[in-house]
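As C-alpha cells, the structure follows; a few thoughts come after it.
Every chain is named by a letter (A, B and C) in the order it is written, and numbering of its residues begins at 1.
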Amino acid sequence: MILKRTYIELTAVTLIALFALIVFPKFAQFYTIISSTIYVSLAILALSLAFIWGYGGILCFGQAAFFGLGGYAYAVGAWNFDATVYGALLAVIVPTVFAAALGYFMFYGRLSDVYLGVITLTVTLILFKLVNSTGGDAYAIGKAKLGGFNGMPGTPLLENPLTEEVLSPHALYGLAVVLLFFSYLLCKAVLASRFGRVVVAIRENETRAELLGYDARPYKLIFFSIGAGLAGISGMLFANAVFVAPTMFDMASTARILIWVIVGGLGTLVGPVIGCISLLMITTYLGKTGFVDPNIALGVILIVFVLLVPRGILPLLDDGLNWVLERLKISREKSGGRVL
Amino acid sequence: MNLKRRSVLKGGAATLGALATPGLATKAFAQDDVIQIANISDLSGGFDIYGQAQLACFQLAVEEINKSGGLLGKQLELNSFDPQSDIQLYTQYATEVATRIQPPVVFAGISSASREAIRPIFNRFNTLYFYPSLYEGGVCDRNHFCTGTTPAQTIEKLVPFVMNKFAGKKVYVIAADYNYGWISARWVKHYVEANGGEVIADEYFPLEVTEFGPAIKNIQAAKPDLIYSLLVGGNHMSFFRQWAAAGLAGSIPMFSTDFGVGNEHIVLSKEESDGMHAAYSYVHELDTPANKAFLGRMQDKFGDDAPYLNELSIAAYYAVYHWAEAVKRAGTLERMPVIEALEDGTPFDGPGGLSTIDPQTHHRICDVHIAEVKDNAFQVLETHAQLAPTDTQAVCNLIENPNENQYFTIESPDE
Amino acid sequence: MDYVIVLILQVLYSVASLALICAGLAVVFGMMRVINLAHGEFIMLGGFTAVFATQAGIPIVISMLIIAPFVVGFVGLLAEQLVVRFLYGRMIDTMLATWGLSLLLIGAATMLFGNSVAGISAPFGSFKVGQYGVSFYEMFVVAVTVGIMIIGFCVLRYTKLGLIARGTMQNPEMASSLGISPSRVYSITFAIGAALSGLAGALLAPLSGVLPTMGKAFVAKAFITVISGGEAILVGLISASGLLGAFSTLATFATTPVIGDAALLFAAIVLLRFLPNGITGRFFRGSI
C-alpha cells in the first residue's frame, strides 16, 4: 500500500511537472510566466525546509540564511566570472559549506529542538544586519558591490553555458520547473536510501538510533547541508527572477518559509510546495484588489486554517482521496466486484 | 565604469531593452476609449506612510485631468497596485503592468531597491517609467524620469543657510546606514567644507535601530555646533525623542534634508521637533496661491482623509502632470515622442513652484524651499528658484549618451 | 569619570529595556512552551493604548502602568480563548496561529490608527552628569522593571497563585488531579504575558514611538534572549538580558550600532553552544 502510494505520488508529480513545463507556457500570459518563475523558485525553498524539518526533525528557523547566501553567492559569482554558470555553482556550494560549518557547531554541540531553531534564526539575523550595512563602496567582492539595503541591481542573468546567450524568461521558467522537479526527486531518492532511513529513524528516536550503533551527528549534518544546498538553488533562481537584496535574510522571509511548510503539511514534500504557491498567489491577488489590508486577510486565513485544517493541505487532500477510494471499494464489494 | 564588456552585453538591465520579446503584441494606444495608466506604490508594510499619500496625489491629478477634458480627448484610468513593501511583488506587478495593461506610462517605486528591481522590466517592454521619490541620485536612463530631488540639489543651499544663521562651523552628521545616507553624508561634508566648516564626526545607523542612547552620549562628548540628520524612517524618530528626553532639545541646532518626509514633525511632539531646519521642493505649509488652491482641491476630494503632503507625495502629482503635459505637446501617447517632449522641459507650474525636466539627467529642475519646524509645521524661511540636480549631472548626460543605462554611485567632488 | 557614570546608566537602561520587552514572552514561553509570534504586536498595542489614553487626558503614568497592561491583557485573553486554547501541546500550530494573529493586528492597527500617530513625550525631565544630559524617564523605566521583577518573584515564591502556576508548569496532570484546572491557569498566564508586553510597549512609547509595524523589531531579539535565559523564568530573564544587554551596549559604545546588534546575537550563539539549555540550565538551577 505504501509502495503504491509512492508510485501514485511520483506519477502525479511527474505529470504535473510535464504539464507545467510543456502545456502551461503555451497558454499562460507573459506576466503569469514571470510570477510562476518566482513561485517555482520559492517552492524549492519550501521543499528544502519540508525535507530537513519534516523528515530530519531539524527545526531550522534559518532556511532564509541559505536562500540569501545562495542569491548573493550567485550575484558575486556572476559579476566576477566570465560565465554566470559558475555563479550558479557557487550558489549551491556556499550555502552547503556554510550549513556544514554551522551544522558542525550545532549537531556536535548536541543542540536540539527549539535551541537549534534559535541559533539558526540568530545566524540569519546576523547575516541580515551585516549584509544590510554594506552600503559603502568599500564593501565589494571583486567587481561585485554588495550595495547594502539597496541590494545588487543589474546582476548579470544566467546564460546558456553552450551558446553563452542569456536565458529568456520562458527558458528561466523552464529551468526553474526542471530544478524543482529534480530537487523533489533528489529528496525522494535520499529518503529512500539507507542514509535517509537512518535519518528518519534518528528523528523518530535519537537515543534508540544511537544505541543501535548509529552516530546521529554526521547523519544530521549531511542531511542539513543537502537542505541548505537546495535553498541555495532557490536563492539563485530568485536572484535571476527578482533581485538580490538583504530582505532575503529578514525575519519575514524566514517566517514565511515555516508558514508554507505548516500550511502545506509537515512531513510531506508535495504539501509545502502547494502551500507556498497558494499563499504567494493569495498575497499577489490581495495587492491588486485593494479593498482590504493584505495583512488582515492573510492573518485571518492563517488563523482559520490552523484551527480548521491543522495538519495542512496535503493530508487533507489525502484524506479526501482515501475517502473516495474507500467508497469505491465499498461500492465494488456491494456490486460483487473483486476486492483489491 | 570598469564594467566588463561582456557583462554589459549580457548584463541584467543593460541589454534587456534590446531583446525582442516573442509572443507579445504591443497595443496600439489609439484604439482604446480610455487611457489606462498604472501606479505601483506601497500602501501597506513599512513604506505605507509614503505610498498612501502618493496614491492620493495620483488620484487627484488623474481626476483633475479627466475633469478638464482628459488627454487627447480621452479619459484616464488609474490602475493601482500595492506591492506591500515587498520587492518580489514589485517585480511581479511591474511585469503584469507592462505586459497585460501595457500603459503609456507607469509611476512606481519608493525605495531605490524597488526602483532597481523594476526599471529593467520597463526598459525591456519599452514602457515609459516615472520614479516619484527623492533618492540618492545617479540613475541615468532615457526611459526613466525622476520627480524627486537629489542630495546636492537641496543640501547645497541648506548648509550655508544654517551655518550662517547659527554661526556654526563644527558639524556632526548622523545618517541612515544605507546608500542614501552614505551618499548624502558625502555631499554634506562637501558643502560644509566649501563653506569653511568641518564635519567632526559621522555616524551611521541601520534602519531598524531604535536605541540611540550611546549615540547621544557620543554627540555630547564631541560638542558640535550643528547636527545634520540624515536619519530615515519610523524607527529613527526615536533619536529625537531620546534627545529631548535627555534634556537636550534645542541645545544644538539641527538640519536635515529628509526630516519631515515621513511626517516626523507631526508624529514627534513640539518640544522634540521644533527648530529643525530642512530643505525641500515642497512643503505642505507653502504659502502660495497655487498651493492653497491645490490643498483646497485635495480637501474637496478626500475630506477628512486628505493626507498631509510633503516632497515625496507631491513628486507623484508632478510626475502625472509632467507626463500629461508632454503627451499634449507630442499629440500622441507613443513612448519616444513623449520622451522627446519631456526632454524639451515640459514646464509645469505646480503647488511647489515651477518645475522643468532636465534633459541631461531626466530629473527635475525645481524650486527649493528652506523651512524650519515650528509647532509641528514647517515655516518657509527662504526659497531658491530653479535648482538643478547637479550631482546626477556630474555623472550623467543623456543628451550626449542617449543609450546610457546606469545607476551610478555618485562621489562628491572631493573624491 | 562623568563618562563612566553615564556609561553605567546607559547600560542599566539598556538591560532594563531588554528585560522589559522580553518579560511577556518569557512568561508565555517559559510556562507554556508557546512561541508567541504576536509578541511584538502586543508591545505595539501597549504603545498605542498608552498614547491614546494620554492624549485623552489621562495622566501619563496611569495610562502606561495601568490602562495599557489591562487593555493588552484583555486582548491577550481574547486571543487565548478564541485561538491559542485549541492548540496547546502543538508548538508548531501555535506558531502559525500567532503569526496570523501578528499579521492581523498589524493590519488592524494600520487601518484603525494609521501610520502617523503623534507620539507622547517622555515626562519627568532630565538631569546632568557633568556635561552629559541624562533622562529621568530612562531611570524610571529601570525602576519599573526592577519593580516588576520583585513583584514577579514574590508572586511566584510566596502566593498560592504562584504555587499553582509553578505546579501546573512542572506537571499539568498532577496539578489537574489535585483539582486545579490547567486550562484556566494557561488562560491567566497568557493574559499576564500579554499584559506585560503591553506594559513594555507603553513604557517604551515615549522613547521609541509607536507604529503599526514596530513589533517586528522586538520579536526576534526577545525570543533569542528568552531562550538564552533557559528554564527559570525570572532568573533566566534577568541573567540573559543582563549579559546580552550589557555586552551589546558596550559594543555599541566601542564601535557602531550594527556591530553592537550583531554582538548581542553572536553572544547568544556562543552562550547556547556552551550552555545548550540556557544560562539557568547550568547555573542557578532550581530557581524561579
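Basically, a residue touches a chain if its C-beta (ideal position, glycine included) is under 8 Å from a C-beta of that chain, and two chains touch if they have at least 3 such contacts.
All values derive from a computational prediction rather than experimental measurement.
Asker: According to the touch definition, list the chains common to the neighbour sets of chain A and chain C.
Answerer: A chain counts here if it touches both chain A and chain C, which gives B.
Asker: In terms of CA centroid distance, which chain is the most far removed from chain A?
Answerer: Greatest centre separation from chain A goes to chain B.
Asker: For chain A versus chain C, what separation do you get between their C-alpha means, in angstrom?
Answerer: Each chain reduced to its C-alpha mean, chain A and chain C end up 33 Å apart.
Asker: Any idea how many Å lie between the Cα centroids of chain B and chain C?
Answerer: 38
Asker: Multi-chain contacts in chain B: which residues touch at least two other chains?
Answerer: Residue numbers touching two or more other chains: 44, 177, 204, 206.
Asker: Any chance you could list the residues of chain C touching two or more other chains?
Answerer: Residues 107, 110, 216, 258, 261.
Asker: By residue number and range, which residues of chain A touch two or more other chains?
Answerer: Where chain A meets two or more other chains at a single residue, that happens at 129, 132-133, 293-295.
Asker: Under the definition above, what is the set of chain A residues touching chain C in their complex?
Answerer: Against chain C, the touching part of chain A is residues 105-106, 109-112, 114-115, 118-119, 121-123, 125-126, 129-130, 132-133, 251-252, 255, 258-259, 262-263, 266, 293-303, 305-307, 310.
Asker: Which of the residues in chain B come into contact with chain A in the complex?
Answerer: The contact residues of chain B facing chain A are 2-4, 6-7, 10-15, 19, 21, 23-24, 43-44, 80-84, 86-89, 91-93, 95-96, 98-100, 111-113, 116-117, 119-120, 177-179, 181-182, 204, 206-207, 407, 409.
Asker: What residues of chain B sit close enough to touch chain C in their complex?
Answerer: Chain B residues touching chain C: 44-46, 48-49, 52, 177, 203-206, 208-211, 213-215, 217-218, 220-221, 223, 234-235, 237-238, 241-242, 244-248, 251, 263, 266-269, 271-272, 308, 376.
Asker: Over in the complex, which chain A residues touch chain B? Could you list them?
Answerer: That would be residues 29-31, 34-35, 38, 78-79, 82, 84, 129, 132-133, 135-137, 143, 145, 147-151, 153-157, 159, 164-166, 168, 238, 241-243, 245, 247, 283-284, 286-288, 290, 293-295 of chain A.
Asker: Looking at the complex, which residues from chain C come into contact with chain A?
Answerer: So the residues of chain C touching chain A come out as 35, 37, 83, 86-87, 90-93, 95-97, 99-108, 110-111, 216, 219-220, 223-224, 227-228, 258, 261-262, 265-266, 268-269, 272-273, 276-278.
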